[in-house]
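Got a structure here, written out as structure tokens. Questions coming.
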Amino acid sequence: MPHPRPVGKDAGGFSYTRRVNFVETDMAGIVHFSAYFRYMEEAEHALWRAAGLTIGDIEKTGGWPRVSATFDYKSPLRFDDEFQITVRVGAVTRRSFRYDFMFTRGDVLIGTGSITAVSSTKEDGRLRAVDVPQEFIARLRAAAGHVGGS
Amino acid sequence: MPHPRPVGKDAGGFSYTRRVNFVETDMAGIVHFSAYFRYMEEAEHALWRAAGLTIGDIEKTGGWPRVSATFDYKSPLRFDDEFQITVRVGAVTRRSFRYDFMFTRGDVLIGTGSITAVSSTKEDGRLRAVDVPQEFIARLRAAAGHVGGS
Amino acid sequence: MPHPRPVGKDAGGFSYTRRVNFVETDMAGIVHFSAYFRYMEEAEHALWRAAGLTIGDIEKTGGWPRVSATFDYKSPLRFDDEFQITVRVGAVTRRSFRYDFMFTRGDVLIGTGSITAVSSTKEDGRLRAVDVPQEFIARLRAAAGHVGGS
Amino acid sequence: MPHPRPVGKDAGGFSYTRRVNFVETDMAGIVHFSAYFRYMEEAEHALWRAAGLTIGDIEKTGGWPRVSATFDYKSPLRFDDEFQITVRVGAVTRRSFRYDFMFTRGDVLIGTGSITAVSSTKEDGRLRAVDVPQEFIARLRAAAGHVGGS
């Protein structure tokens, strides 16, 4: 699926290439707006693999639950379009951090989005927020080709 | 599906009741974060029906393409949970307007979100923004039980 | 969502009413063929609720994994169409049983399908087939309005 | 996504490689049974691309509507699993033809399925069945590495 392709260290960001599936279109003939949130997660997990990370034992971790997700749509995608998603690790707080995404098709900006995830543990079926592991962030940043402290 | 249930005029907002389907859960045992965007659209279209509106000839209108969508997650939903979505018509600009959504399960706040849609026409397969029909907004607001100029 | 509506005992079968969501359409302007499998499961779980059954502790049961699913398409569904799904309990073997589904919109036959599910337990993360609980089948059949031994 | 990889002419069939996305899992911890129908279509369209075919003007063709779809599940898929789908062109009738699919993960058989599609034209928004273009079938078979008249 991926062809993961780290872009230049100047730009920073991890690049993931994807093609639009038929089922992701709707009767307006373009990709449904909800599909972009699935695309962002796919790119997130491709970054994880590039960083040598796994989702691990989701029964214990809760799997990085989301606290926020956004997308701004600039230009539509259509069936069979191939497009790139560039992921960067954005703001990090004590217990959460943000991924920033940019979608492009060739030179066309498709849109930008973000997902904020919280670090958690699962106990007795309930999620509890915990401090973000610094090693985790460091590995994501290295895989995303971030330079300096960015 | 809906049981559409306009809430009191004080609170304002149109209420839509929904139950979580199995396919909407993921391996973390909760509803996947992308499903909330589908839920918001379902509530939007239930409001349309309550307002006597239809999506009309999407070949000509383009079907209200989205320019932005957001969701903030407060508490998870699980399989078979029944929950309410309250929709309000938010900010209106010349060519776009925003829906504001609040999700609750009983007294529990599940989260809040928004969708901003643009008024458009489709010509030769390309979308062009046009002025939002005032009648359209007025009917949505009436169906949503908004009071005064809110 | 449902308005579950048991049909006459003559016909047999449990009836579930559903409306097509926008996201379920594709660029051909009709409901995507994969959506019918989700619809069948929704009707299955509506039947469960009518029978007073729940999916229970899926960590222990595995959640009735499917061994087979089929659908034959007769007439398309479109956005906002309201349609009925009639569910019957079909063939029962020692460790599995089949649901039979008929989809109609008014007098129009939309299609027919089936899901065969196996009774299982989950041990150390692995599923193992077990005998179908007879009480389970009896309650489904009662809720589906089956007559005699059918 | 694809890495399309035609397998040997002996075996016949077109091979498509895919990875399981998180959203495709459900609370039972495995891929939801409806996802396999989306996977089959992805493999179908990868075969089209390998054959130099496109879905063309769906407004005129109707996009090969399905008349039947089936899947038999043998072993579950889990998050991040990489698996292969082998597609063959099966029975061809005057106005329809069948794709046969085999899913494997390494040496493990995941399941088998089929999709039967009908050749159609769209006139005044209504679909009408037409003869399957022989050239279309010939190109699919060539891309799928079928030998002889198989």
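Should a chain be cited, it is by its letter among A, B, C and D, assigned in written order, with residues numbered from 1 in that chain.
The rule is short, and it goes like this: a contact is a pair of C-beta atoms (placed from the backbone, for glycine too) under 8 Å apart; a residue touches a chain by one contact, two chains touch by 3 or more.
No experiment lies behind these values; they were computed from the predicted model shown.
Student: Which chain lies the greatest distance away from subunit D when centres are computed from Cα atoms alone?
Tutor: It is B.
Student: Pick the pair with more C-beta contacts: C-D or A-D?
Tutor: Between C-D and A-D, the larger count of C-beta pairs in contact belongs to C-D.
Student: Matching A-C on over half of contact pairs, by residue number: which of B-D, A-B or B-C?
Tutor: B-D
Student: Taking each chain's centre as the mean of its CA atoms, how far is subunit C from subunit D in angstrom?
Tutor: Centre separation, subunit C to subunit D: 25 Å.
Student: When the C-alpha atoms of subunit B and subunit D are each averaged to a single point, how far apart are the two points in Å?
Tutor: 35
Student: If you average the CA atoms of subunit A and of subunit D, how far apart do the two points sit, in angstrom?
Tutor: Between these chains, centre-to-centre, one finds 28 Å.
Student: Would you pick out the residues of subunit A that each touch at least 2 other chains?
Tutor: 22-23, 26-30, 34, 38, 41, 63, 79, in rising order.
Student: Touching residues of subunit C toward subunit B in the complex: what are they?
Tutor: For this pair, the touching residues of subunit C are 1-3, 17-19, 21-23, 38, 41-42, 45, 49, 54-55, 63, 79-80.
Student: State the interface residues of subunit B toward subunit D in the complex, per the touch definition above.
Tutor: Subunit B reaches subunit D through residues 22-23, 25-27, 29-30, 32, 34, 78-79.
Student: Touching residues of subunit A toward subunit B in the complex: what are they?
Tutor: Residue list for subunit A touching subunit B: 26-30, 33-34, 37-38, 41, 58, 62-63, 65-73, 76, 115, 125, 127.
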